[in-house]
Amino acid sequence: AETKSHFRLAWTIYAGWMPWDYGEASGIIKKWADKYDIDIEIVQINDYVESINQYTAGGFDATVMTNMDALTIPAASGVDSTAVIIGDFSNGNDAVILKGAGSLADIKGQNVNLVELSVSHYLLARALDTVSLKERDVRVVNTSDADLVAAFTTEDVTAVTTWNPLVSEIMAMPNTKKVFDSSMIPGEIIDLLVVNTETLADNPNLGKALTGAWYEIMQTMQGNDVKALKARTMMAEASGTDLAGYDAQLASTKMFFKAKDAVDFNNSKDLINTMSKVAEFSFEHGLLGQGAGDAKFIGIETPAGVYGNKDNIKLRFNPAYMQMAIDDKL
Amino acid sequence: MRLMNSKPSRSMRLALNLLPFVILLVIYTLASDARLLENPSDKLLPAWSSFYDAMQRMAFEPSKRTGEYLLWADSAASLQRLLLGVGISALIGLVVGVVNGMLPLIRATFSPLITAISLIPPMAILPILFIVFGLGELSKVMLIIIGICPILIRDLQLRTQTLPSEQLLKAQTLGANSWQIMIRVVLPQVLPPLLSAVRLTLGSAWLFLIAGEAIAATEGLGYRIFLIRRYLAMDVILPYVIWIAILAFVMDTLLRLLSKHAFPWYHGKRGSE
Amino acid sequence: MADTIINIKQVWKEYGNQVVLEKLNLSVQTGEFVSIVGASGCGKTTLLNMLLGTESPSRGSILLDGEPMPTEPNATRGIVFQKYSAFPHLNALENVMLGGEFAASPFLGKVFFKQRKKLQEKALEMLVAVGLGDAATRFPNELSGGMQQRLAIAQALIKEPRILLLDEPFGALDPGIRKDMHQLIRELWKKRGLTVFMITHDLSEGFSLGSRVWVLDKPRIDPQQPERYGAQIVYDIALNTDQVIPKSLQSIINKTAQD
Amino acid sequence: MRLMNSKPSRSMRLALNLLPFVILLVIYTLASDARLLENPSDKLLPAWSSFYDAMQRMAFEPSKRTGEYLLWADSAASLQRLLLGVGISALIGLVVGVVNGMLPLIRATFSPLITAISLIPPMAILPILFIVFGLGELSKVMLIIIGICPILIRDLQLRTQTLPSEQLLKAQTLGANSWQIMIRVVLPQVLPPLLSAVRLTLGSAWLFLIAGEAIAATEGLGYRIFLIRRYLAMDVILPYVIWIAILAFVMDTLLRLLSKHAFPWYHGKRGSE
Amino acid sequence: MADTIINIKQVWKEYGNQVVLEKLNLSVQTGEFVSIVGASGCGKTTLLNMLLGTESPSRGSILLDGEPMPTEPNATRGIVFQKYSAFPHLNALENVMLGGEFAASPFLGKVFFKQRKKLQEKALEMLVAVGLGDAATRFPNELSGGMQQRLAIAQALIKEPRILLLDEPFGALDPGIRKDMHQLIRELWKKRGLTVFMITHDLSEGFSLGSRVWVLDKPRIDPQQPERYGAQIVYDIALNTDQVIPKSLQSIINKTAQD
């Protein structure tokens, strides 16, 4: 690519991504973009997968997504992507829920409704591991996230795996039981801001402006002063709930309000372990593409080392910009 | 008297017209009451008062976030897309349909292509559409156009081809060339069928609009329904659905009246088509 | 008055294997009124189409004023069909004006202001001539069948064609109304020096209007392959003097029509 | 010669028919080559060989996960739903349409209700459908039924009402009662229009099928397209879309031939409707 | 042969404000052939509909054999319309069998095996009687206009109705074919002792076929409110002896038809 001044960022509704909407509405993003003399368009997309597809096809320069989707969609399509900001990891936001009283082991033989090949699918696989079950012990039914709540009210749906705000909606119904959630695999479902590596290399100002804006938003929304409450109320309304509901969702999200925490997480050895598990899961499900001979087909670069093929690095965890936020260099 | 010969009187007919609606309302009220008695926070069949509250909120209170009156903002956004999509489709349908119908050379070139396109369900190529036309207004309007244009083109082509050949011959004996025949003889005569065809495709247009808005939009009736679907907020969804039905009905009625008013020669003998 | 306007020379018409018309040799003078009768499907309309220019002979040639017949319809030959000859979206006056508008405005096919006034006057005159003076602002679907045919005739005559082609023009009308139409067409023919070709199923109509009657029929039939031989003009009757209708003709016309 | 009168010869027409398809193929090949040159693992416009590989894999190699031949399993699942949905709709459309069209009392009761239902875009009430009919096969079939039934009913009702009243009177003078007229006079005569109406609504039926499968399913053509759209596998999506178009074309052709074969009296004079 | 079959007593027919028929008083004997003529829109079809039972008088009463007329069509009165009288989805034989099937099978309206054979034979006889013996397996759209009307007549007669109603039955046929149809209908009427009511626009047809002619017309007209007065039978002509057609009649029939 080349240097340019107009950029597009796509986001979808999820507790950890609502700050982008607030940043847009409150003018914080414009402020930071102006500072670096660029122009950033923030676009909300209703359908999560569609937003990543658009990013992969080149329609967006930056998009929010989870670590697994970053590997299986853009990276597997040969689009070299960089995780510029680690916003949070799911700490209970994703869950396996059964109808009636029971335990995880009872899931054997049931239909499980979830968004197939998403992090929910991954979470289910990890959950099944803990009770020595295999995926073939259940029957996975692909169900659109927008309809999971309605689906759960019907009789033929007995088990679901999904994320917030859907989890809290479902848990509000009588006769439901959360049998596994992401707090039992902390740090494995990570929410990222991903930027096209080439675009980023040619336009470092984009990374700086986004990072600067993000941490200003983080600072604003944290705590219980009037400004923070107002910010979180706006986010709550945009995601279709109220402040209490949104705070409940945040409670099961490990937000990295401080850049330092995010950088530490980024640099730790755990990240590369997590990515190796994700890569193996993705390979088993054919998500790495037909060319992939094994889970290590695609290289993943982290500060603690490279997982997989060093000659085919397509996903990079680069803490440089978050580090600038710590160092006040933005 | 044979059942087929017994016709209801005027007042009787009105009563029969309303009967099923009244029954539905009564059933809903009973079912809703029963569910709410069991679980007062049940969202599936809200009480009438919840509908009222929800509509009050959507229509007459500014949204805290954007300061907009959501129902009206959504309606305006959706109607704009719908009218653009349907309007452009009608124009394309008219021009391509008439040209295809009148000129055998053009028809031979484009007719099979249009048939092939019409066989592809637009929903299946949604992902491709978004990639080609982006996620802005264009792709939503394009979805409508791709969805209904082939139908309109084929209908108008058929209408053009089935104009009595006597008329085209007569026009030629009056010294007209192809272009004059197109604009003075064919075009005015296929306008009323165009309006009927548009009325028939309006239903599909709404479908595509909602499908498009479901995936990428920041306002619009379909967007709102899909957004709050996650929370099963029936108190908003049901009134929105009814509102869409009312809008669809009004548009259909307007088109019907327009056709009757503008083309009396078309409706004269054929009754209230 | 006595020039040859149409000259049909050794004309055959075939569709694929089917011979429809066979070896026609005819010539028609300016001002003649030719009635064409014959069984259904024998090729009357095909013959008329060749005169109109929408079909061309498979063999032989048709000359118009000694020149080859144009291969497309144009303003020298007016036509009136049994139905659909008037444009339903224009009122009677506009229908009659249309011919003038095509000539005056190549691009829009529509004229305005003074020019329009002039065309309107001329068209109204023509409407009065065919007895539709009071119906100028009515649409075709508001006119009775007879009035529609009057309109179609007015529309054709405004271009002052030299030849008028009529394909069963009164076939859909009630007997009483037919009589009036006969009178009208006879008047117009005489006044304007037209050459008229009229197809009809009604023998007495053909004989009472025409100055000449052509009877089309297949003189030879191969029962195994009925398509092998075509129709010819089996009678060509000049009607200068009052003449009785030969009895055998009615049976020729009826035979295929019933089957 | 006027353009409207110049008709292409047989071979010329064939060439013109194919022209736009050839142009499209050439454009695709050029665009695909260009993109692949830039990024060899680009998935947006795959090379022809990728299509071949993908189809080879989907159609002739058992899936690693389930051991099924995916293309055929998907097709079977989708076709079954489609045929069930369309078949049931046709049956309902026939019965309700004829009864509504023949009996004024019934028509007065149900006609406004059906009109109201036809105004509601089925996509907007998907959650309600799921709640009422569950997530199994039933809801997918129901989506098709709700989507196309009102159209079929209204069409058949219109056809019944526009049968020449002379026929109904004649039947009465032959001593028939309402029931006999329905099954011997009206029903057989609206079967051919029913087939045409079904052909016209097949497009919508495919739409609803795909929309339903996109939301909840474990197999089916729509399911596969929406699932693999996650990793942008155009090498599978495009052949699937073309396969759907082929299936749609085959079904349409079969219905057309069936109608021609079964109802010669209907097609006799009106040409190849 | 001389019983009164139809008795029309002080009958008025109004649609809203519009008076269509006014104070009719008529009686018809079994075996009469009544031709009904009149201008278009004067109420001929309305009168026939009252005899059929689909319309009832606004005032007055119509008696059939001294009993009030049934308010619905039934098998005592057969009818033939100008078009659409045969069922397009049944072939000629099935069309004629239909009446028998309705009677024999209340539930299915269809019979099989022996019973079917018997009905077929009877129907074929009827087809032969109307001259369609060779066309038994053809569908209506494969028949010419004249053959379709023959079929419609056969279909009506198989139920042996006492009264046959004909609404311009030959209006859409060519003149040559009409002649044959006249002969057929005259034969059937004489042989079967039917009472026939036939509407026609063709005066000579009405006079040559009928044993009695009714001429419908409005004797009074209020130019401001033409709907105020209805039509009456202005002439009721018995045709026992050969009779000349009064000249004034033709103008009555033509007047509205042209407008």
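A, B, C, D and E label the chains in the order they appear, each numbered from 1.
Criterion: a residue touches a chain if its C-beta (ideal position, glycine included) is under 8 Å from a C-beta of that chain, and two chains touch if they have at least 3 such contacts.
Keep in mind that this is a model prediction, so the values were computed, not measured.
Chemist: Identify the chains adjacent to both chain A and chain B in the sense defined at the top.
Modeler: Common neighbours, chain A/chain B: D.
Chemist: Look at the interfaces C-D and D-E and say which one is made up of more C-beta pairs in contact.
Modeler: D-E
Chemist: Using the average of all C-alpha atoms in each chain as its centre, how far is it in Å between chain A and chain D?
Modeler: 38
Chemist: Centroid of chain A to centroid of chain C, CA atoms only: how many Å?
Modeler: Between these chains, centre-to-centre, one finds 80 Å.
Chemist: Report the inter-chain centroid distance for chain A and chain E in whole angstrom, where each centroid is the mean of the CA atoms.
Modeler: 82
Chemist: So, what's the distance in Å between the C-alpha centres of chain C and chain B?
Modeler: 47
Chemist: Which residue numbers or ranges of chain D touch two or more of the other chains?
Modeler: Residue numbers touching two or more other chains: 2, 44, 126-128, 131, 172, 177, 214, 229, 232.
Chemist: Which positions in chain C are in touch with at least two other chains?
Modeler: Touching at least two other chains: 72.
Chemist: Which parts of chain A, given as residue numbers and ranges, touch two or more other chains?
Modeler: Touching at least two other chains: 50, 53, 57, 146-147, 149-150, 153.
Chemist: So which chains actually touch one another? I want all the pairs, not just one.
Modeler: The complete list of chain pairs in contact reads A-B, A-D, B-C, B-D, B-E, C-D, C-E, D-E.
Chemist: Quick one: which bits of chain D touch chain E in the complex? Just the residue numbers, please.
Modeler: 164, 166-167, 169-177, 179-180, 183-185, 188-189, 263-266, 268-269
Chemist: In their shared complex, at which residues does chain D touch chain B?
Modeler: Contacts found on chain D: 2-4, 6-8, 12-13, 16-17, 19-21, 44, 102-105, 108-113, 116, 118-128, 131, 151, 168, 172, 177-178, 181, 203-204, 206-207, 210-211, 214, 221-222, 225, 229, 232, 234, 237-238, 240-241, 244-245, 248-249, 252.
Chemist: Write out the stretch or stretches of chain D touching chain A in their complex.
Modeler: For chain D paired with chain A, touching residues are 39-44, 53-54, 57, 64-65, 126-128, 130-131, 134-136, 214-218, 223, 226-227, 229-232.
Chemist: Going by the contact rule at the top, pick out the chain E residues touching chain C in the complex.
Modeler: Answer in residue numbers: 144, 146-147, 171, 174-177, 180, 201-204, 250, 253-254, 257-259.
Chemist: Which of the residues in chain C come into contact with chain D in the complex?
Modeler: Contact set of chain C toward chain D: 71-72.
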